[in-house]
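The block underneath contains the structure these notes are about, expressed in structure tokens.
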Amino acid sequence: MTTIVDKARNDMAVFEEMESAVRSYSRGWPVVFEKAKGYKLWDKNGNEYIDFFAGAGALNYGHNPSEMQKVMIDYIQNDGVIHSLDMATAPRKKFLESFNEIILKPRNMDYKVMFPGPTGTNTVESALKIARKVTGRDTVIGFTNAFHGMTIGSLSVTGNSFKRNGAGIPLNHAISMPFDQYVDEQDSIAYIERFLEDSGSGVALPAAFILETVQGEGGINAARLEWVKKIEEICRKWDILLIIDDVQAGCGRTGTFFSFEEAGINPDIVCLSKSIGGVGLPMAITLIKPEFDQWGPGEHNGTFRGNNLAFLAATEALNNWKTDAFSQNIKKMSSLFQERMKRIVEKFPELNADLRGRGLMLGIGVHVDGLAGEICAEAFSRGLILETSGAKDEVVKFLPPLIIDEDGIEKGMDILEESIQAALEK
Amino acid sequence: MTTIVDKARNDMAVFEEMESAVRSYSRGWPVVFEKAKGYKLWDKNGNEYIDFFAGAGALNYGHNPSEMQKVMIDYIQNDGVIHSLDMATAPRKKFLESFNEIILKPRNMDYKVMFPGPTGTNTVESALKIARKVTGRDTVIGFTNAFHGMTIGSLSVTGNSFKRNGAGIPLNHAISMPFDQYVDEQDSIAYIERFLEDSGSGVALPAAFILETVQGEGGINAARLEWVKKIEEICRKWDILLIIDDVQAGCGRTGTFFSFEEAGINPDIVCLSKSIGGVGLPMAITLIKPEFDQWGPGEHNGTFRGNNLAFLAATEALNNWKTDAFSQNIKKMSSLFQERMKRIVEKFPELNADLRGRGLMLGIGVHVDGLAGEICAEAFSRGLILETSGAKDEVVKFLPPLIIDEDGIEKGMDILEESIQAALEK
Amino acid sequence: MTTIVDKARNDMAVFEEMESAVRSYSRGWPVVFEKAKGYKLWDKNGNEYIDFFAGAGALNYGHNPSEMQKVMIDYIQNDGVIHSLDMATAPRKKFLESFNEIILKPRNMDYKVMFPGPTGTNTVESALKIARKVTGRDTVIGFTNAFHGMTIGSLSVTGNSFKRNGAGIPLNHAISMPFDQYVDEQDSIAYIERFLEDSGSGVALPAAFILETVQGEGGINAARLEWVKKIEEICRKWDILLIIDDVQAGCGRTGTFFSFEEAGINPDIVCLSKSIGGVGLPMAITLIKPEFDQWGPGEHNGTFRGNNLAFLAATEALNNWKTDAFSQNIKKMSSLFQERMKRIVEKFPELNADLRGRGLMLGIGVHVDGLAGEICAEAFSRGLILETSGAKDEVVKFLPPLIIDEDGIEKGMDILEESIQAALEK
Amino acid sequence: MTTIVDKARNDMAVFEEMESAVRSYSRGWPVVFEKAKGYKLWDKNGNEYIDFFAGAGALNYGHNPSEMQKVMIDYIQNDGVIHSLDMATAPRKKFLESFNEIILKPRNMDYKVMFPGPTGTNTVESALKIARKVTGRDTVIGFTNAFHGMTIGSLSVTGNSFKRNGAGIPLNHAISMPFDQYVDEQDSIAYIERFLEDSGSGVALPAAFILETVQGEGGINAARLEWVKKIEEICRKWDILLIIDDVQAGCGRTGTFFSFEEAGINPDIVCLSKSIGGVGLPMAITLIKPEFDQWGPGEHNGTFRGNNLAFLAATEALNNWKTDAFSQNIKKMSSLFQERMKRIVEKFPELNADLRGRGLMLGIGVHVDGLAGEICAEAFSRGLILETSGAKDEVVKFLPPLIIDEDGIEKGMDILEESIQAALEK
């Protein structure tokens, strides 16, 4: 039988020959993708794929939403300014106004908006810099299994040792503390507090904590809301800034625009990227409480801070948040997913599995070495795009576009069940 | 008299209220830009501007080249995959093939292409990481007045103290050596060699040198070609990798596709961004000699490595390099610029000025405190977009789109002369 | 009433005028000391003091043991070589031979002896360097409330924030893990293991653990022997070197020559200083398992590695260890101390006190702010030399010469009781 | 013929078996030393050696000066306090008074005296710490071929790559600048100034410069006095602290008590060790201008800050400085040395030699690979103790006790000539 992978083999040669060994997704999904709409993708040979990956969380609104396509095409046709650094442009203005009206004001949030360069690691680097500058302290506390990016500042607060070793230098000025429920039956809050209160602990008063409320790359680890709240209390008690890295968990992924809304916290700095650009175009913003916005003009800069096509799509995307309907649907779809996940875990005890996550950031931890990866490979050959996560790639991750519907979930999960069956029979 | 700045005042309020204090260009050019084509921009109120800035070098092919607009619109209309990380897509494939055929092969260059995330600092960080990993050494030698980016790795090899202080932490694992002609009548090559050959110098054998052949942000300092050649010889002698950061000086800016072609060197790693994306969309690549491409899959990653609109525009842009004509025109325009620059320096001895640069990366060093900035402000109010550069903002920088024509140069330089006159009369 | 402190006031003026503000003990004990023998000191005005401090642990054999005085005087009178770096001398030879015969061989220990410079921080720095060199790893794990010395390498693994801040630079390449019983009801071993086994923990595989089995400066925290044993097991499991810093707890302080003998462990590197020099003369040695002794000649050096008077006294001191009697007496005296300590804690519930330590390294934790310091001040004015320890100076520390006798203990503890009474009545 | 080395072979076995591979001098001079007086040493077998090494500069007053022997013996016999940390003792008091009366006052110098631990690296570490603390800056500028010690702080400002690599970690927060006459025909002052004045240089404003006016270990490089003066001017201009490391060049080595007296500078911090202790006993002090003595009590500490035997000998040593005679004699002996050195260089053109140094800190640079080492080996076998220095051990170093006389010089230099002859004939 000729598989979709076999058929694509010739097309893949150029990537193998010309691209660096660092390439990754094109290894696991070795076909040339051509079209995409909503929660579906098609490859060059016309094969259809259900997308439970959403561009690693950058496509919360699905592929090519028609209204976003329209505004981009109009803008290009009218010779709109495509690239503008941090010059003032009409789309930047409109984005700022919409972000204020639709997101900040209704939530009683008061932040300055920084455009730090268009990637997740850029917003994290800007957050770390301003936190250190404002406090005059050098240490930042990150958490076990955190993922914040690949540039040296962000990598220093990232947990994964394979990524860290890629730096080729020791990664300093950062301390890793235990995430929620890191060690069985031990309370990580007590541990963290002890280190901070004891002046002999060897851990300096940090500039900031940087936290993902749900860790995506680290294994879909969702902190309990009360734990998140306690981390904020610790920050307040010792006058430490709280940075929430909402690059993956934000923009609706957990059911609310910000992942931390349910926890009722009030971070000092918030990092957004991925889906903030609406349609998958590079864009990032850093929200900074006005009292901490102590940058000098140009103290942090970058060429691609003015991606106007992204601003247009981003503004369209914000319209989804004008009412409660979008949020309600995410919660509904999350329930459907979780039901199916539960049934799967029960049906396949051989997986020795556990369930993880919040909203539409979900995962099944598979405690058989290498099995999660095999399941994803089987799923791909059946038309479902699924990625693993976790330090040992032990988690099957569900990160569908938020516009997924019942039909998409059922079809995807049916494929998953077949794939598990196939992987177990190998 | 109501100026264009006065008229735009209301429109600018939202940026002042909502954006971080870090904003920079919108302070010097306080109008809302709306349209752009070729080497011209228009603001919301219909004022026209000649562009000697080119999006900080990201718009070498001018604003909105029609052929690039067309391919982007077609792609969007056909539901092309917008965002794809490092998955294989049709536009990525076409870009790789064109880059190989049009750029690498004719120059006898053999490199692996890495997509490190879509910004200049991302390609630099990836270059530093692989150089350290491959050599097992931690130190990288950068140069005085270098600019490589704002994330911690890149910032460590950047010279500017204002930017460095923004880190909030000491920047280590990097040593700053004197750029060409840094100290009057002293030979920086002798100096650098002495430090390397003397095992008591306190300077460790570095993993790499990272070099801009023409420093853009650092003051339009063009290294002599023989000096660049000698740096390569030093690298070969001590088995040090040579990284050329061609983010600003590459993609034709100096008259050839790579800035180092005339010097006849063969770098181990090359960083490209800014104009590689054709129309100003975020994109970057890192070229790595195959023997040094020792990454593990995913060891460096990033969400926005698959900006397909950028790949499309980038592929269109490469077509300019199929013949010699594009390159010839850059050199011709460079001559026109330099003639006018010479005349200006002669006409205004009060500037105490010197001439700098290569190709269409040119500058006038103005040795009167603050005067370069005043000239640029006067120029803006007359419809010319001009930026300063250098550690003290002492250089009036000319970085026009490479498609500039004689008329554009003459008009722009006429405005410049008026602006100098006005600034001197203040 | 004129106190001993009042009488000494004039004599102290020169220290206040000429010495740096960093001076410390001369503030708490503001008299000029003149003579010392056994466990007693006398000041210039003839006042006698019982010594529960023992030169911060450097005078385990008491002040001026007659046999040590004799060998030193003879040597000086005979023009012996006083100072010899690491040249071979007769006293160095004799010390090495005795150390081998009396200490190493009977314990089946096989170590190379390094003379790293004559202070505690020197031996620690040498241990950290060789551990990093041998493993090729940069991180060293230290423990909360550890004290290893004031030079940058040692300070990096020291817990006290006041001391750490004195560095003026961030202290990197070290991670602080929880000492035994650091957080109530949480098992620090589980915690440490989790960090090591999880490749996403953000904690790199370290070169070494550095451990004091009883923390002196950190508050007389005695790790349980089974905990020490588990730390060794962790080191073996992950191929991490185990460094025991026995500078204060070694040389008999806990009842055996090495503090770790009872725990039955076999460290890779042992740091000794303080009492190794017998009579309080500067001396230190680093014991290194032969397979890890990978130094190049002179790779670590220092001027004062050849303190021959110290070698002579050190050799005399070793004679105490030829039989079991010395060790037995320490244990007996320890029991006497602990009985009195227990009675004190019961007698003065207002102290809210707890008991700490092992051998003759004992302490009473006083949980009333500032009270421990007041007790020590009262004791001094009554002729008892006592120091506090702990991150908040909350522990009254008992570190008498090991040759203390019953009479000395009773007299000293009587003074202590009076002093507590006086401090509480204030 | 049985040589003195052959005869000592058996005696050396214990050092080879028991001592770490790091041992160094006992390899080059493989005999067991027993006695020493003035500028002579004797080994166990009665062989006599002329000492041109002076314990690496710790024995400026010669071996076993009778008056020092006497005070030490008296003190020990009278049960004087041997070890006292920074408690007040009679010998400490007397030393402080004498140092003030004999050294500081006559030179109009006003410094606080810090006892930082008894070794050279301890005083350097204390100097670096206080300079960083006082200025709030982290970088310290050291010089090429500097030697400041083996602990991490001092090693960071040390040039030698073999020693630096021993750290096992990158050495940061330090920048190496060119010493006087480092690169032929290039002015290092211009270079250093350019780096400081240019805010784009990549070199941060440092906390301090640390300088040896004559580099001992680095190759007997004597900075010209006007260069030293200019370094001070640079420090004043940019408000940088000037630390003079006079550990080896101080205590009379260059003819005056401090090595910088002739240059007429006024350092902010001065490091003294080695010969400050008079007879080779471990001792060090750090002199700090009162306005910079901003330590908290105990912020830097160490066990062996109270070496009373050293204080006694140190006080005796200071008596040599009551008149000018001691200084005059050093200069006279220096002339004798330099005459003989000149004749040797002329007599042996094969050495391709140059002359170096100042006072009794002299050297012959031998520019034939390995020859300097062979000359020293030949000299040892003829009864002359001589060491090499320099990054490649290319310098024959003359560092005799300052009490050397004409006879000693002539005999030593005669042996040297024979040794050169022998080495050349090999």
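The first chain written gets the first letter, and so on, giving A, B, C and D; residue counts start at 1 in each chain.
The criterion applied here is as follows: a contact is a pair of C-beta atoms (placed from the backbone, for glycine too) under 8 Å apart; a residue touches a chain by one contact, two chains touch by 3 or more.
Keep in mind that this is a model prediction, so the values were computed, not measured.
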Pair exhibiting more inter-chain C-beta contacts, B-C or B-D: B-D
Most distant chain from subunit C, judged by the mean position of its C-alpha atoms: B
Option reproducing the contacts of A-B, where over half of them reappear, out of A-D, A-C or C-D: C-D
Intercentroid distance (Cα basis), subunit C paired with subunit A, Å: 50
Subunit C and subunit D: spacing of chain centres that average the CA atoms, whole Å: 30
For subunit B paired with subunit C, centre-to-centre distance based on mean C-alpha positions, whole Å: 58
Mean-CA-position distance for subunit D and subunit B (Å): 50
Residues of subunit C engaged with two or more neighbouring chains: 138, 162, 169-170, 172-173
Subunit A to subunit C touching residues, read off their complex: 138-139, 142-146, 157-162, 164, 170, 172-176, 178, 182-184, 186-187, 190-191, 194-195, 198-205, 218-219, 390-392
Touch list for subunit B against partner subunit C, complex: 169-170
Parts of subunit C lying in touch with subunit D, wherever the complex brings them together: 11-12, 14-15, 18-27, 29-37, 41, 44, 55-59, 63-64, 69, 72-73, 76-90, 92-93, 96-97, 99-100, 112-115, 117-122, 125-126, 128-133, 136, 138, 149-154, 156, 162-163, 165-170, 172-173, 207, 273-274, 279-282, 286, 288, 293-304, 307, 309
